[in-house]
Amino acid sequence: MRRKILEHIGSLAFVAIVFALLLIFLKHREAAERQARAQVVAPYLNLPGIDFGNPRDRALFKETLHLFRPASPPANDSLMSAIESYRQSQFTDPNLKAGTGERGLTWRVLGRLGLMYLQFVLVYGIVLALTFYGAQSLGIYRFVRMKQGRGSYIEEFLRLVGDPNVGGETPARIRKASFTLLKAFLKGVSYAVLFSPAYVIGYSFKTSFETDSVLFMILLGVVSNGLLVNYANKFYTLLATENRKGYVETALVKNLGGEYRWNVPGGIAYRSILRLPRRFPGHVLQHIYLNARHQYFPALKEQASFLITGLIIIEMALNIQGHLCYELLQNILYRQYDIALTIVFVIFLLVKVTDILVDVRQHREGLRYENRN
Amino acid sequence: MKTGTSQRAVLPLALRSERHVRWVLLWIAGIGLLWIWDLLFLNSPAFSLIRRALFNSLLAGLLVVIFSMTLGWASGLLVYSLEKRKNRVPYIAVTFFLNLIRSIPQIVGILLGYVGLTTLIIQDILRAPFLQLLSMSFVVSLFVFLEVTDLIRERIAHYKQLDFFDAMLCCGIKESRIVNVEILRKNSLSHLVHKGVAVFGMAIFLQCSIDFILSVGLSAEVSSTNFPATLGSMLARMDSKQDILAISMVFSNLSYVTALCTRHLQGLNIAFAIVYTLVCVYNIANGLVRRYHL
Amino acid sequence: MDQLTFDIRIVADGKPLVDIRDFSLQRNRVTVLLGESGIGKSLISRGMYGLLDPAELAVTVNGLAYQEYLGTDQVRAFQKSGFFVFQEPSSHLNPLMTLADQIREGSFSGAPSMPGVLRTLWEGTSGQELDSILSVYPKPYRPSGGEKQRILLAMALEKIDMLPGSPMPEALFIFDEPSGSLDNHYRDLFLSLLFDRYRNRPFTVLLITHDYSMISRISASHRDIMEKILFRELARRERGIALRDFQPGTYTDWVDDLRGSAGSQRAFQGQEPLLIVEPRLEVFGRTLLITRDSAGKNPERLAVPPGRMVYVKAPSGTGKTTLVKRVMGLIQEGSFEATLKGMPLTGGTPRRFWQERVWGKRMTMVFQHADEALNMHSTMRETLLGLPLRKPLTSQGLVRLIGELFDGGEAGDLLGKKIRFLSGGQKQRLNLLRGLALDTDVLILDEPLNGLDFESTTKVISMLRRKMEAGMGLLVISHNEEIFDALAGADQTYYLHAV
């Protein structure tokens, strides 16, 4: 454990040092670049009789450049772009617009970012908890259905339609088949939602809901980007793997329950999947679940990283102003790399803290199960 | 002590076990049906753009898989060979560096990589569209290859734990052959294929997401229009976004579905292609798990 | 009805795994089921008991689909009244529950006499020590494989004690390789406890084993109930497998012959030993001592002469496998001194030396688990032709080599088959062939008879004898004391102790 903690601290220190060095370098370089850019365009900006806001004047100026410097069209184009970009920044760069002259990482900016960061951490924490819980619930549900021998809804539909001996009398069969088809359709829709990138769902609902609310962000973070479904699949795979192990056979031979039907004596109750803590007393699923859950916990690190990716995509793609990741994108666009790096660093910190907490917890559990506590 | 109810399957057992093949065919069929629909209802310039974007996205995904497999294999073997040595410093340094990459959220890392690509494009170093696509894929693979590294290390560690490794050594078989041929090629091919499929899905998702985000642009000089067209960048266009926005019209007016499927085709097309590909990749990966008992 | 008869067919992914008719057990009798590993003994018994998963395997029993069979009164009675002890005890205990919790759940939650049964199987251990063993979470090396097996056997014996009535026709107790992880002492103790209970109240027992020495133990110690014990063997036929009677005398007479011929290995007397190992080794923080006596008082160098078999004995968990791996240079930590054909080998010998001069050239080892030691995705042909032999194998050489342990027809079918499709016994034979094909000066064998049926065992012993006659030295570790005591002789037997 000590080695792991040292590694975490080492990587934190390394990244912090790199970050600090980059900050210093960028500050100096930015100042120099800004000056250089201004110097290049300054002689042309105040030329009498030329209004760069007028497209005709711009075209004339460009032609004039080509006349006077026919041998270097790329340089002429470059100068035109530089002038255009300088003029644009007068309108779009928030610091220049505000006329404060303030630029880069200041205490005021840090304070603003701090509040955004707290909100980000809150959303992250809630989404992580919900997906951790949701993935296990879905995984167990899928596992129980597998043990019930239930195939896909499409297979069930084909069976009802194709085999007259299944499903009872014709009206009942038709009813069951229709209901099965509806369930298959709903499952398809839910898959489409669960796998959709967040921006697709976000834009689909943009006109009907307030998409920059924290609640919507949490909902989107949980159900989109394939996060929930992929980790539910991971948990299901762990359950299925554990199910094949020898201790399960011994548990069955000790007459622990092996019935997986819903809500029958000795079977599995729906609520046992949803309630916390999850327990399946007297059932072999208790053994399986215990082992799967123990192995699943380290996946939280991977899940955290993937989740942050999802939240970043949500904030950036939906242009949610006043949120941390939107600020990140804006600062990259406006070349305020010092602020951008600060945001990247604090996101990295969040991932690292999650990793450390997971490792500490796993270590404690490991000590117990290794008989070393 | 019943082991659960089971219903007799209509479909033969063999067909059920070839789920991954079924989903590949379903994907091809789904995209095929989409194209037929587009031929009927979508204007040809938009259709041509979508075809190019789909091709670029799939090609980028494939390139990510190739890069990730290569980087993953190389780094996995490097870490394995360093681990055996008495001098632990190189091993600690390399694993530290790899863990550092692992700690960076993928999208952040890719975004920073794209900042670098943007600089290269501004400086006219990356001109050809294929080179740009190659570079984009390489950047994505830098934050995805660790999955392959972990798999390679895990497979080698698994066989080292068993008598397999020692038994081969005792027969005089060289260690490099044991690792590369006996363990990785013969006993891990299905695992690697499964991982490749998963990486492909991840690549599509990340690439589309980053290209969508870049619709804002990473600099005033270079915007997403400078990068090759992909599904993400196509979805970020104003007309596509409007098509997606139109979906919410259906909630208040169900009859708008027809108009949605004929008039707002560009955006829906792209969104469907992305989501459908991700669902199919997921099921193909699951099918491989079931087929090869991974 | 006095007889339980089963027609069982098990298919996985379209491939038939087991297809047997008239697999029968006598009610209230003990059936000792012999046969090579992988022939289907465990699958059949699991199928009978109702433990197979209908979602993974297509099973029919007596014409019934498995789901229907599971609903029959017979299966319900087996499961309610009986018990099944699986082989590989390590994987049959939950690593995330204490042993104490695992022995008190399900039908054992109110088990009154469990402590007594456990104490009997842990004779010489105080109650406190036993509680301390039971309070642990089972891990690969703690408790040991033998201890885990004893816990599972205790549960079975407890279940027998819990049942009312005499006799118990519905009860079926299946023990799959019950002595696989046990020392001979505990194996004999278990057999005594089982047969004592059987004498009091007969019940149906199926005892699966490929340890043929159990026949000798039962004949020697439980002669009074021999008439109630049936020895059957599952063997391959042209189409599928079949059950046949096995005469105990076939085995016991063969062992007697072995004992008689032990003194004939004198061809290389007087020659320098091929391998010499100094008696004291340090490895993983433990000290191992090689002695000539079982009390551990006379440390002596272990010497493997040419043309002889050296047998090392020790209780389970002492470190026999660690010893041979150290001798092979597979473990490179700790102190160790040996000489191989005059070449000094120590703890500091570099790995490259082992690779270039020892492994596969002067010394090799056959590991006990063929499933792990062989590449399941290679074919038999690839496995043997891929060896770095001094003289590459020709096709004729390959056929000749395989013919040593496989029948002609069988070999032809198996050459191109992937190893994962071979039975356990076939894999073990291939495992041995691979080691023997290298034709090294010294061959180390770890449980060489693991998983073999009687016919294959005799072939393997004959082959080993031919190799010894050609001058090869053998170092063997095995639980089959009866056979290897006879082959090695007392003068080539050593004992290993953990100090």
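In this document, chain identifiers A, B and C correspond to the written order of the chains, with residue numbering beginning at 1 in each.
Basically, a contact is a pair of C-beta atoms (placed from the backbone, for glycine too) under 8 Å apart; a residue touches a chain by one contact, two chains touch by 3 or more.
Please read all numbers here as calculations on a predicted model, not as lab measurements.
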Two chains joined by the most C-beta pairs in contact, as defined above: A-B
Farthest chain (mean CA position) relative to chain C: A
Central chain of the complex, centres being mean CA coordinates: B
Chain A and chain C, separation of their C-alpha mean positions in angstrom: 51
Interchain centroid distance [CA atoms averaged], chain B/chain C, Å: 46
Gap in Å, rounded to a whole number, between the CA centres of chain B and chain A: 16
Where chain B touches two or more other chains at once, by residue number: 1-3, 5-6
Shared-contact residues (touching 2 or more other chains) in chain C: 51, 54-55, 79-80
Residues of chain A touching at least two other chains: 147, 149, 252-253, 255-256
Residues of chain C defined as touching chain B within the complex: 13-14, 50-51, 53-55, 58, 65, 67, 70-71, 76, 79-80, 325, 328, 330, 355, 359-361, 364-369, 372-378, 386-388, 431, 434-435, 438
Contact set on chain C toward chain A in their complex: 46, 49, 51, 54-55, 79-80, 83-84, 86, 88, 91-97, 102, 105-108, 136-137, 139, 142, 152, 155
Contacting residues of chain B [partner chain C, same complex]: 1-3, 5-6, 8, 13-14, 17, 162-164, 166-175, 182, 186-187
Residue ranges of chain A in contact with chain C within the complex: 146-147, 149, 245-247, 249-256, 282, 287, 290-291, 294, 368-371
Residues of chain A that touch chain B when the two form their complex: 7, 10-11, 14-15, 81, 85, 88-89, 147-151, 155, 158-159, 162-163, 191-192, 195-197, 199-200, 203-208, 225-226, 229-230, 233, 237, 252-253, 255-261, 305-306, 308-309, 312-313, 316-317, 319, 328-329, 332-333, 335, 344, 347-348, 351-352, 355
